[in-house]
Amino acid sequence: MSEEYEPNILAFLCNWCSYAGADLAGTSRTHYLPNIKIIRVMCSGRVNPLFLVNALQQGADGVLISGCHPGDCHYLEGNFYARRRFMLMRKLLEHVGVDPGRVNMSWVSASEGAKFKEVIDETVAKAKEAGPMDQFRRRQLNW
Amino acid sequence: MGDFKFAKDKLAEVVGALKDYEVFAPAAVGDVLRFKEVEDASSVSFDFKNTNVPPKELMFPETETLFKFRVGKTDIEPAVPDESKKRLVFGIRPCDAMAYTIVEKLYSWDYPDPYFEKRRESSVLFGLACSEPVPNCFCTSLGGGPGSEQGLDALMFDLGETVYVKTITDAGDTVAKAMGLEAAADAEKKAAAAQEKDALGKIKRSIDTEGIPEKLPSLYDHPFWEQFSDRCLSCGICTFLCPTCHCFDIQDEMEAFDGRRARMWDTCMFPEYTLHTSGHNPRPTRKERTRNRISHKYSYFPEKFDVIACVGCGRCINYCPVNIDILDILEKSKQAEAKEAKTA
Amino acid sequence: MVDETILREKAREVLARDDVRRLIGWKRGTYGYESAPAVLKDASQADELIFDPTCVQNPASFITLEEKLPVPRGQDPDTRKVAVLVKGCDSRAVVQQLVEKAYTRDGVIVLGVPCTGVVDRRKAQKMFGDTSEPVMIKEEGDKFVFIIDGETREGPRAELLADKCVRCRFPNPLVYDELVADEVAVWGADEFADVDEFEKMSPPEKWKFWEEQFSKCIRCYSCRNVCPMCYCLECVVTKQKPQWTRRSTDVSENTAYHIQRAWHLSGRCIECGECERVCPVDIPITTLNRKMTRDVKELFSYEPGVDVEAEPLLSCYNPQDPEEYIM
Amino acid sequence: MSSRRPKIGVYVCHCGINIGSVVDVPAVVEYASSLPGVAIAREYTYMCSDPGQNLVKEDIKTSGLNRVIVASCSPRMHEPTFRKTLKEAGLNPYFLEMANIREQCSWVHEDHAEATEKAKKLVEAAVAKALVLEALEEKEVDVIPSCLVIGAGIAGIQAALDIADAGFKVYVVEKTPSVGGHMSQLDKTFPTLDCSACILTPKMVDVANHPNIELMTYSQVEAVEGYVGNFKATIRKKARYVDVSKCTGCGVCAENCRLAGRIPSEFDENIGMRSAIYLPFPQAVPAKYTIDPERCLQLSKGKCGKEGPACAEACTAGAVNFEQEDELVDIECGTIIVATGYDVFDAARKPEYAWSDYANVITGLEFERLVSASGPTGGKPLLGRDKKGEGGYLPQKVAFIHCVGSRDKSVGNEYCSRVCCMYLAKQAHLIRDKLPEADITVYYMDVRAFGKGFEEFYDRVRREGVRYVRGNPSEVFKKNADPEDHTLIVKVEDTLTAQALEAEHDMVVLGVGLEPRHDVREIIDLFKLSQSTDGFFMEAHPKLRPVDTASDGIFLAGCCQGPKDIPDTVAQAKGAASSALILIASGKVNVEAQVSFVTSSECRGCGFCVEVCPFGAIELVDENRMGNIVKVALVNEALCKGCGSCAAACLSGAIQPRSFKDEQILPQIAVLGVRT
Amino acid sequence: MMDESNPYLPYIVNIEDAWYETPVGDRAVKTFKVNFKDEKVWDTWSHKPGNCAMVGRLGIGESMFCISSSPTEEGYLRFSIMQAGKVTSALHDLEAGDTMTVRGPLGNSFPMEEWEGKNILSIGGGIGQAPLRPVINYVRANKDKYGNLSVLYGARTSDLHCFKSEFQEYQEEGTECHLAIDIEEEGWKNFVGFVPDLLLDVAPSPDNTIAVTCGPPILIKFVTQGLERLGFTADQIYTTLEERMKCGIGKCGRCNVGSLYVCKDGPVFSYATLKEIPEAFA
């Protein structure tokens, strides 16, 4: 892998826990890598696993979905559905040859700013190891 | 025109002698054959019945850019293919070549389509006569045949170790000479004629098209269509794999600030094909769509362009997952009584 | 063994009923090794029905294919039942359709056809070649006996069975109103050896494999349309607003399409194998579905299409679901 | 004529130097103005300030902006602020999109160039979404003018009284037989040394007698449904086996109980004893007896003596009724206050302090009962009494240990319980008061005397001869095996002198902290609350909405939200009451506008969304689709909370949450997914 | 005319003016007055009443619309577009000063020369008035060549009437003008009811008259029946059809009605032609 490769990570964070955790990381001035771009959703249960496929197609090198810890979901069960869905989507993507390190999920609560940083670091590291995800990008070849 | 031959094991040299041509020939991915640009002619095989996907994609690709643009700018950059590029289509079957002559009528109708025409003009077609027709071939019913020359610049006969090449047009002749082919002897010509005769005998299926174009409109409301449409999946196999089907969709696509307008194969079998924005669909069910496909090929197109839009390649029969057999439909249409239509 | 006279008799009875709109089964095709799906509307057509190892299609697919046309003002909608003949594997589609409320149980009449396996067209073509005449096939012990263009040929059952039949665990219908023959013994077991074998590849190898496969795809959507579980009114794949997948064909869009398709079938695929059978460019589509079937079973102890009372896999959860991948 | 065309205004905030010192704000503004649909792009020092907001309002009015993007802090901070700004300018508040370039950009990235690039992308994504935003209608529902208060400790009592005094109906549900909570167990309160019972009892009586309050003690909430303004709760009134309308509270029954004095009293922290039919404590409200069904011989064994239950026999009012059954009551209320309180830390979880082993190691709450005049020892700190409660000795060398179960990662409690420093100081004072000669040592880590009068009180206690040793004891053990010798060794390092000490004491009081209640899970499930990391209920915003929860119409009061002392608890209870009263008094409330909706022409009626919805907000209904009757999903907008789980379950995208529709998220992915 | 070498390339046009004909919202009608960015296009441009053009936005796509201005209105083209789908929504977002694309003129036109000397009866409903407007304006501009002009028009409510001010103009210059709304409205003094009923109410004479009609399919169907009842023959009745189109030049295949391509053989058809095609009235 070329050393200059900086993976682009797309993160879907639930409003109540993980987005708040990311905010807390900010409030605590916890520095982390700028490779990650966050899309706020109300609940991790909202994240359609096909968003991942779309993100990879758009050029993301890795994806993170983060929600409340089991039992803490603001909407009671959304994170349980998300856990199931992404477990499977991860397997499916792995089967077509997408490195499983590109598909990440975490539980980050509103109080876990420090953990949020750890999650980002790990996600970026895994995407770096997997290399640039160019093969699935929407191409402009014959344009 | 001329009669030539070359030894099959010299294929790489023969084709390699053509310096300025892009060569397209059937290439296999697993068991699936499709025309591809070949880098190494030695990989070209003569041992195939026909390609899964017809070579219409060489003139009318699955997806092609019409023009490009950039957001905020108003200049448009057309993406018409470079006509000066010479292309050799090697090993095209007579039916598929004949299909070009049919589709051409539409693409040159009134507003010539530069994309299709530029590709067509710059291509030289070296056909390969059929020795083993596919069971559902019925080209002879539509004026074609295993050795039909329509649309071709040259026709090749695979005679085992030798390939006999009969050039049909000047362009074919020029290419044959550029390949450095030697002249064929009578023996090859005879062998070729025998092979053609033998192949003709192997074509088992046929339809007498007499009267069909005139009759189909009278069967518009006839219930017999449902015998077929009831099991139709509304998929695009029959049309995508049809060498004469030519319908397309146009879509704008964006990559950040860059955009293109592209066209891509479309099929009248998809419900969204005719769906109006209002939600109204003039062909809402598989019955209307099945009827339209057959009627378009065997009635509407001949009414407008004097030729049936079918070459009898048999692909729609071979690949239809639910055994919708166009010959069966046509036979049934002949049996159907037009007067039944309104009462049923 | 299914006695076709009994099959036809039962079908005739059903078709003669006032509350039955149509019956879906199989009839002789116009050529080759596969029968044709038959959609019958009148008792007089019952004699067209057949059942033999050519009857590979899943008739349950056709229940949901029927378009609902606007009912002219002043008329009542046609709410008569649809009757369907199903093999064991096909019946799983009916079960899953019922789970997903595609119709109600009393809206269909299911005639169960115990099955000992059907012939894979591609395997037979390789062994015996093409033909433009319809082929008759009989099962005799561990052989299939073919009548091809008037000639009798034989081939070993094990080599000619469709892949889905080799590992079939449900030769007898799981849901039916009536069986047209006695139940048969189960012979198959599913070890998912094929999935294990595939998984030996590294991610780049897998991607290369699929890239080649998906690059063939012409997006005819036959695999989607034939699927008994794909009956959305508007498929996300072809939806324009929002547009998930572009209509243009290239490896990216084709791959996205196939992932979307496989994803939407996760926990829903009933392994009838129709998608792969119909593919005109031989994409091994079930390789994706099989993987999901295996994982769904291993991770969530879930098997679609076997229990009418089951909750849909992705609409429920277990607090103890595995989560070792979660950070 | 007005236009539908999106005219976006982008406002990039410097946030003083919070954003501007890292992100090149002018560059972001310049980039924003190049984006499609952006009509105006500006920067400002503090967008949330009045002039900042006015900037937006002016532009909406003069330039016809119809979408606004504020690139500043987290939407969790100021989304409501700017929504209001839009509304005031006459624009639908849902035409706002925020780009979080502070918490998730300038504050977390060091490289200025990279942070600026990211800020541009975040703004671009916001523009992409803004282009497809829709106006949403905020619906109003009526608020039932009543409140359900769960828990009748001081928090619940205060909240209930405030609302009732304002003239509205209050239902108070208390799990135990009496109101009062933990405060009723305390002897004196710090730092004023008021008698706890003396200040609490009048309020307890008020709660029972208030015409607007319906008090349900020995009761539990079984189920809650509905939404803000319109809750329905089912309450289980547990059988007391005593007819409260007949019971006079005379106590004859308890005296006659065969198990009288043989059952440890929960109220007395098991130091005192009670009967199977009992009044938890003398001042209990209501002063009605209750039979403990687990201990009562008649109820648990089916037989009480040869002659049958003595209590029933003794009760002249005929109030005892063994046939009584639980009763379910349905109530409707517009608001809910959760005031379920806390548990004290279980000292057994710190085995090194040997609380389970020695009778003279006691917890702070046990100490309260021990020194309470109404307690089992009549207020004398007697230790080592026999089973009948007789005998015992008065300690001479008393140790108090701080932070037992608080600020202690080993037991999972990182937080400070906020009351222990002061209650231990108060207890040291009480010992000094009762045993002037006693040697008193307090082992502490820090002394946090932050409240009004606290520091002064702490000073006073030290002046009274209480020794404060800075050190966290590592172990408490008995000096020798002699049962008559009560001497305990407290092993500690005095961190000021760096001396290892082994001090002798004959009484050790553990300053146990406060913990979330053991049954917190039930309450979470019932009211759909969430927990902070400390396990206490999470408020909607730690600073600005400390009594609200994420569920509209449900508020928090007292220690269920986190440890606090009595004045803080009362203040918060009043805050919760006031929040509930705002809803009740206004009579109307806006419900969530970002709810899901179904495009029924795309719905195939599979019901996946129905199964997924945690709020039961979706049902399948018949729809006439051009003459055909089909089942389609329908969303009850009052119940939907907009989580969007339904959308991820739907195969055809027929059901979508407003503001987070697929077609609004996909453009964001398209912008942010591109690697630059 | 269009770029001879490539009929897929659109012209860029500047929007000179744009206004709503009906209240803003779903299915609103907005009129765009446009001019070619490259003024030289006018040298080769010529269209007739009934001609269509593909109007679009780069990056979104294009759709077929009739040119709603008559060639006698010089120096600009007009399009009146109802917002319904992706393309029309994107077009509605455009305003004066923006650009859009136009590809045309396409299709056939009303045989205006053939009709010279005849009375012209225009019967429209809703946005269906757009293709009739050029006919009306053409006749108004060539008064001497035609007989009487009468205009029948209706919409669901008076709000939804397109080209409101123009009907007033017609009336002022003596054109027979009948307006209708479907549902009773306060202050409405004209006809209340559907357009086919209005037609029977006005009962124009078929003598030497050509009737042109356009509107929703159901309107066309009943107006045609009404005209026949009034004694009009099939070759006296003309309409324009609408189908989903992509190329506009008879290639992409989706607009065929029987053997006719609406984009090329149409959109103008005489009822005499349509009667022969089962699909046209299915």
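The letters A, B, C, D and E name the chains in turn, as written, and every chain counts its residues from 1.
In this text, a residue touches a chain if its C-beta (ideal position, glycine included) is under 8 Å from a C-beta of that chain, and two chains touch if they have at least 3 such contacts.
No experiment lies behind these values; they were computed from the predicted model shown.
A.B. asks: Taking CA centroids for every chain, report which one is farthest away from chain E.
C.D. replies: Here the answer is chain D, farthest from chain E.
A.B. asks: Going by CA means, which chain is nearest the middle of everything shown?
C.D. replies: Chain nearest the centroid of all protein C-alpha atoms: A.
A.B. asks: Which two chains have the most C-beta pairs in contact?
C.D. replies: Contact tally peaks for the chain pair A-D.
A.B. asks: Average the CA atoms of each chain to get its centre, and name the chain whose centre is farthest from that of chain C.
C.D. replies: Ranked by distance of C-alpha centres from chain C, the top chain is D.
A.B. asks: How many angstrom lie between the centres of chain A and chain E, each centre taken as the mean Cα position?
C.D. replies: Using C-alpha averages as centres, the distance is 52 Å.
A.B. asks: In whole angstrom, what separates the CA-based centres of chain D and chain E?
C.D. replies: 67
A.B. asks: Can you compute the centre-to-centre distance for chain A and chain C, using the mean CA position of each chain? Integer Å is fine.
C.D. replies: Once rounded, the distance between the two centres reads 35 Å.
A.B. asks: Which integer distance in Å separates the CA centroid of chain B from that of chain C?
C.D. replies: 31
A.B. asks: Using the touch rule from the top of the page, what residues of chain D touch 2 or more other chains?
C.D. replies: 601, 612, 649, 662, 666, 674
A.B. asks: Going by the contact rule already set, what residues in chain B reach two or more other chains?
C.D. replies: As it turns out, chain B has residues touching two or more other chains at 63, 71, 249, 251, 266.
A.B. asks: If you look at chain E, which of its residues touch at least two other chains?
C.D. replies: In chain E, no residue touches at least two other chains, as defined above.
A.B. asks: Show which residues of chain C lie in contact with chain A when the two form their complex.
C.D. replies: By the definition above, chain C touches chain A via 198-199, 201, 203-211, 236, 244, 246, 250-253, 255-256, 258-260, 262-263, 266-267, 288, 291-292, 295-296, 299-300, 313-315, 317, 319, 321-323, 325-327.
A.B. asks: Per the contact definition, I'd like the list of chain B residues that touch chain C in the complex.
C.D. replies: 29-32, 34, 52-53, 62-63, 134-136, 204-205, 226, 230-231, 233-237, 240-241, 249, 251, 253, 262, 264-267, 270-272, 284-286, 317, 319, 321-323, 325, 327-328
A.B. asks: Quick check on the complex: what are the chain A residues that touch chain D?
C.D. replies: 6-8, 10, 15-17, 19-20, 22-27, 29-34, 37-43, 45-49, 51, 54-61, 68, 71-78, 81-82, 85, 109-112, 117, 132
A.B. asks: Please give the residue numbers of chain C that touch chain D in the complex, ascending.
C.D. replies: Within the complex, chain C touches chain D at residues 68-73, 75, 77, 100-102, 231-236, 239, 241-242, 244, 264, 311-312, 314-316.
A.B. asks: How about chain B: which of its residues touch chain E in the complex?
C.D. replies: Chain B reaches chain E through residues 66-67, 69, 71, 74, 76, 78, 80, 106-107, 109-115, 217, 220-221, 246-252, 254, 259, 261, 263, 266, 268, 273-278, 280, 282, 288, 292, 295-296, 299-301, 303-304.
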